[in-house]
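In the two assemblies presented below, chain A is common to both, partnered first by chain B and then by chain C.
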Partner chain A sequence: MMRLPKFVYHAPTSVDEAGRILAGEGTAARVVAGGTDLYPNMKRGHQLPPVLVSLRRIPKITGISGTPETGLRIGACTSLTQLGSHPAVKSGYAALASAVLSISTPILRNMGTIGGNLCLDTRCNYYNQNYEWRRAIHFCMKCDGSICWVAPSSKTCLAINSSDTAPLLAALGGRARLISTRGERELAIKDLYNLDGIDYLNKRPDEILTEILLPPAGGWIASYRKLRRRGSFDFPVLGVAAVLWKEPDGRIRDAKIYLNAVASAPLEAKEAETCLVGRKLDTETIREAARLAAEMAKPVDNADFGIAWRKRMARVFTERALNDLKE
Partner chain B sequence: MSQKPYRIVGHSLAKVDGPAKCTGQTKFADDLFLPGMVHAKLHRAPLPHARIVRVDTSEAEKMPGVVAVLTGKELPIPFGILPVSQDEHALCLDRIRFVGDPVAAVAALEEDIAFAAMNRIRVEYEPLKAVMSIQAALDNPEPRIHDYGEEGNIHKKVALEFGDVRHGFAGADEIFVDTFYYEGSTHLALEQHAVVAAPEPDGRLTVWSSTQTPHYVHRALAKVLELPPAYIRVIATPVGGGFGGKSDPFQHEIVAAKLALKIGRPVKICLTREEVFYCHRGRHPVLMSVKTGVKKDGSITAMHFRSVLDGGGYGSYGVASTYYTGALQTVTYRIPHYKFDGVRVFTNKPPCGPKRGHGTPQPRFALEVHLDKIAGHLGLDPAEMRRSQLVPPNSITANHLRIGSMGLGTCIDKVVGGSGWKKKFRRLPRGRGVGIACSSYISGAGLPIYWNRMPHTGVQIKLDRGGGICVFCGQIDIGQGSDSVLAQMVAEILGVDPLTIRLVTGDTDLTPVDLGSYSSRVTLMMGNAAIQAAERARDLVARAVAKQWKLSPSRIVFAAGRVFDTENPDQGMSFAESVQAAEAEFGTIGTVGSYTPPPSPGKYRGAGVGPSPAYSYSAAIAQVEVDPDTGWTQVERIWIAHDCGKCINPMLVTGQVEGSVYMGLGEALMEEQVFRANRNGVHKIPSMLDYKSPTTEDMCEVTTYLIEDPDPNGPFGAKEAGQGPLLPIAPAIANAVFDAVGVRIDEIPITPEKILRALRSPDRRCGPASYPRIPMPEPIRVPLPGTEA
Partner chain C sequence: MTNGKQKILLALRVNGEVREFACYPNRTLLEVLREDLGLTGTKHGCELGECGTCTILIDNQPILSCLILALECEGREIVTVEGLSPGPGLHPLQEAFGELGAAQCGYCTPGILCTAKALLDRNRRPSRAEIRAALAGNLCRCTGYIKIFEAVELAAERMERPSE
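Take a look at the complex of A and B:
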């Protein structure tokens, strides 16, 4: 059996207390929520934090408030199961509910949180292996080594962002609240990510993601399409989120399209968005937008399936996501 | 066969081990904890092929909590499952042959310490060129991975010709040639291998292991540890899934035993999932070529089948696997002249061996897709073409296999009728299609793995004067339900409730030898032995009771826990009373039964692989939906009919059929045991998340038809059910994909990428371009049965 390394476990009951522990411990400490991402990583020796600060005993950052009319505040420690089955989410943000319910398995969703999902470590099948395996390839730059085996000439790590909610929350204009002893800030979820498989989060280690803010529902329509091998359990090898704001006559006022799992951060398909604005969502427009979006996708050989096919699917899946939004 | 209705046999009774499994009380090997037990880990090689220059264990030894380290020097004797390939060492001596080959072991007070210490062992290697594919093994005779075998990196060559294929091809109207590839896959049993070895005060040793073959583990331990077999007791713990992956004696078993003897404490080794991927012994990747001569009506005049197997780093069952890729083509459709060339190469990957269907799913895939193409060319309905070419029952095939009962015709009729084949085939809208395939499998191998003339299995029964029945057998339930089958058969004969029977299984000290849970042999062989033992016990009791009642013993009947006179059912006694009568008459009541398969007609060299007391038959129809934009294939439904002779327990047979469909689906669509040749030969995806096997979400609907064509060699007529139903799944899906979108995927797995590639390629096919040129020896020429001089 693979075993967890030893660590000191803190379970504070307030954000302040958690912040103080994190500030005091410096880089030795790490936040844990559901642990569904962090614990497997610790077993494989990716991260070996001597101190863990659990957020699960902090009531204030669990749960959902607000209404679809005013927008929702989602506590970062809300479980994916809770989030995906919440009536306000299901009615006002159905695409989000379906993205959430596509994550992994029911058992993992009971443990995994939305905060953890947004802060999910990047993935690569040269990296998500245990210590002995990685030693056999002399390690990689993301952990214990210096080279990127996916593309040995690459200066940055190409591990991919595999969160199912990040692209949709970015497209919807969701915002994240971060708190530390040094203060509090709010940023757009699209700005939470860096295009770097190692330094993938625009967040300091002592900052706690406390809540996610969703804009009011209505006025926009959204779709999320996920590509994976199996109907459960699997991370996306491609995620396409599309959100459209339409004029009463059906013309598109604004469009947001994000692709995920093809790079270290969710990618905004700006050219595809521009192509959509001012037009109606007909077959021709969809095809063109999908082609433009797919150009952004440059999958590398570090996840399931071959890269040529994954790239091709970026077009097909964008087309399908947009087709979902036809009247 | 007797038409007498059975009371227990043939009924879907609950599994005898069900309550323990369902309440989490079954004790698997990993659940065993003994006082003073320590934990051991194996240090495994991080490169695919190298000479070991030096092993330095000093750092590990110094760690607090480490109690012993072990290197290959202390276990120099080689072992292996087949007598012809004793090529493994418990810890590599001077050479490692794949990433994951074990080099040293360390035992410590805690598993964590053992892990840490294992990583402090330093090994200096001199790397050797690695070969990572069939082609690379053929192209690089040097350096040799083993210094035995044929030549270069070729482990085994088999060339057999039955009858005269030249003559057969000359008589054909048309000749078809196809090449196919079947990727390797692993068993993925949920339970990871685990072993506990404990020294006994008198110098003896007890080993508990999750193994399908306690007898072979026993033999290997005795050999490598140089102990008399009587000093070693191997107990097979309930196996949490085997599928062939726990049929070899393994390094960790020998290491645990050696460490236990060395330090005088119980030693436990539980493999990680990654290590299980290294132990492997799974499906061989096989490249195949089929050439078939046919008449216009689809009848076959001759077939030449060639296969080359990627064996991985060691022999394992590989020689048998090689023969199996050529053995069972002949048992479904009439093939009057047949030629087989088989080659197994060594490569620097985990060793391949037996996985459910052992060596036969690959050729069956090739054969059934090939026949589908032929039917298309000849304008025949592939179901009817198959139906009209069946091997007759009670016949002998060109390669001298004796067929008994043969229910394939009924199987085909069932699935054709049930699926609405006639309305669907070539008639569904584009994107949807149906495909058919058939298969057959052995019910146990006719010959043992090591040559001997003893029975393949034995059953011993002890009757207790309280009415208790204790059945001893070396077989081990690996989840397939053999315990329940054993209990049901004995219960049928002795007329008791199977739940009252106590089973003692898989214990080399207590139970008569059974060769193990592999090759679909258990129900048939153990069953026959159990019937013999139970009937002997019943006859003793009947004689005693008959004497008491002054009747003929033939009038004594056993049913519902009672023993009575058929002609006067009110005259009766409880089973316990009847045993008391017998014990008073004869003394302690204990009987034995054993089983040896009938001799096979084949006498040529290589005739040992293929013969079986009975052959099961299956036919399957798959219905698929293929998305032409993505190549995505959804298997909507499988109709499958399986002729298992007689269902001892229909629910268990259905479970085996559905499980086979599930496993077949995984192989057909996604599973791949693949390696990164350019990155030190590491396994690409050694985890349950990344090695893709279907989840329940991906399972299709299954309609199962159980066909009963009793075989005179089977207990109550029963044949196998555990492996055969897997075989038609992959080819049925491949054929359905063709019906849906008109492309031929001649390569397993059938992934969306391959379908899309085929849809865009001019020949509308995805598969190997050619079969390699491999010089073969002159074939052993075997006259057709009945024509021998």
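Take a look at the complex of A and C:
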């Protein structure tokens, strides 16, 4: 049996109380909600926090309020099952519902939360292994070691962001609310991430991600496409989120395309976006935008499938995501 | 707050009975069920959330017992494969799995039975696609799933017409 290491467990009932505990414990404490990312990591010795602060007993940060007309507020501890099956999400934000329902398995979606999916630890073939495996290669810079085995000359860790919701929420202009004893702030989801597999989140250890704010539905159309080996369980090896705002005559007024699982943060495909603006979404335009998006993707050999094929799929999946948005 | 070095007293409602015991805060529900409460029907597989073998029901929702702390389950209704049937006999799912040979080594069966029960409780006549989707988090390395799907369909049929 793989056992969890020992820890002190706090179960505060309000965000204030949780914030005070985190402020007092410093960097020793880790926030936990569903536990589906943190507990496996703790069992494999990636993270050994002496203190856990559970958000499960804080009713205020669970659930969804608002309407598609006004925008939604999603509590960070809302389970992925709740989020993916919520009527307002299914009707106004269908691409988000489909991205959520593509995460892992139905059982893990009963447990995992949207906040947890956004804060998901970055992943790498040389990191997501048990302690003995990692010790046999003298560890890597993300945990216990000093070298990046994917690119030994790299100064930063290249573990990839594997969230299915992050690229779509970034493209939609979603925002995250972060609260600590030092106050609260709102951050665009696109700014929540750093291009660094170790320091991948712009969230201080004492901050709690409490809710996600979605803009009103309508006026835009969105799609999310995910590449993985199996139809469930697997993290994305590539995720493509596309959101388009169109003029009445069908020309594109604005476009957002984000690729995920090709770097330590969701990447915005700016050149592809620029290429789309002012044009109609015909086959030629889609092909050109997808080529530009794929140029930006530089997958490294740290996930499933070969890197050349993953890069080629960046073009194919961007094409598919944009084809979903054709009239 | 719990001190990590001291045991805590917990009272969990498992299969309709309140069970009291002392455990460390780092004990998962899986460890407690098997090692403290003697309910070894729940199997341990990968213990990392990658197989679905340890699935149990909490408030009639399939949950992986390897990734939830026992202390997080207080006040909730836990059902394991031992408590699947409300009476002394087998649950229709268990009957159907036995009759159709929907198990070979049987290791994944308790988890699959729990997941299937939650499905049939909310959807009396699921389609094949709905059964596939609901069981997408339970791996079976022997049967190839077809007999499992057929057994769930047979159980659903019998639960719809219990008199026959």
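We adopt the following convention: the second predicted complex is superposed on the first by the 327 of 327 C-alpha atoms of A that agree within 3 Å, B and C clash if a C-alpha of one lies under 4 Å from a C-alpha of the other, contacts with A are read in each partner's own complex, and residues count from 1 in each chain.
Everything below uses one rule, namely that a residue touches a chain if its C-beta (ideal position, glycine included) is under 8 Å from a C-beta of that chain, and two chains touch if they have at least 3 such contacts.
Quick caveat: nothing in here was measured; it's all calculated off a predicted structure.
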{"item": "Which of chain B and chain C A:3 touches, first, second, both or neither", "value": "both"}
{"item": "First (chain B), second (chain C), both or neither touched by A:232", "value": "both"}
{"item": "Which of chain B and chain C A:155 touches, first, second, both or neither", "value": "neither"}
{"item": "Which superposed partner A:133 touches (first chain B, second chain C, both, neither)", "value": "first"}
{"item": "Common ground on chain A, meaning residues reached by chain C in one complex and by chain B in the other", "value": "1-3, 105, 231-233"}
{"item": "Chain A-touching residues of chain B, taken from the complex the two chains share", "value": "30, 44, 46-47, 99, 111-112, 115, 119, 192, 270, 272-274, 629-631, 670, 676, 679-680, 682-687, 689-690, 692, 694-698, 751-753, 756"}
{"item": "Chain C contact footprint on chain A (complex, rising order)", "value": "1-11, 35-36, 39-40, 43-44, 50, 54, 56, 81, 104-108, 110-111, 231-233"}
{"item": "Residues of chain A that touch chain B when the two form their complex", "value": "1-3, 105, 125-126, 128-133, 135-137, 149, 229-235, 304-306, 308-309, 312-313, 316"}
{"item": "Residue ranges of chain C in contact with chain A within the complex", "value": "1-5, 24-28, 30-31, 44, 47-50, 52, 55, 61-64, 66-69, 71-72, 115, 133-134, 136-139"}
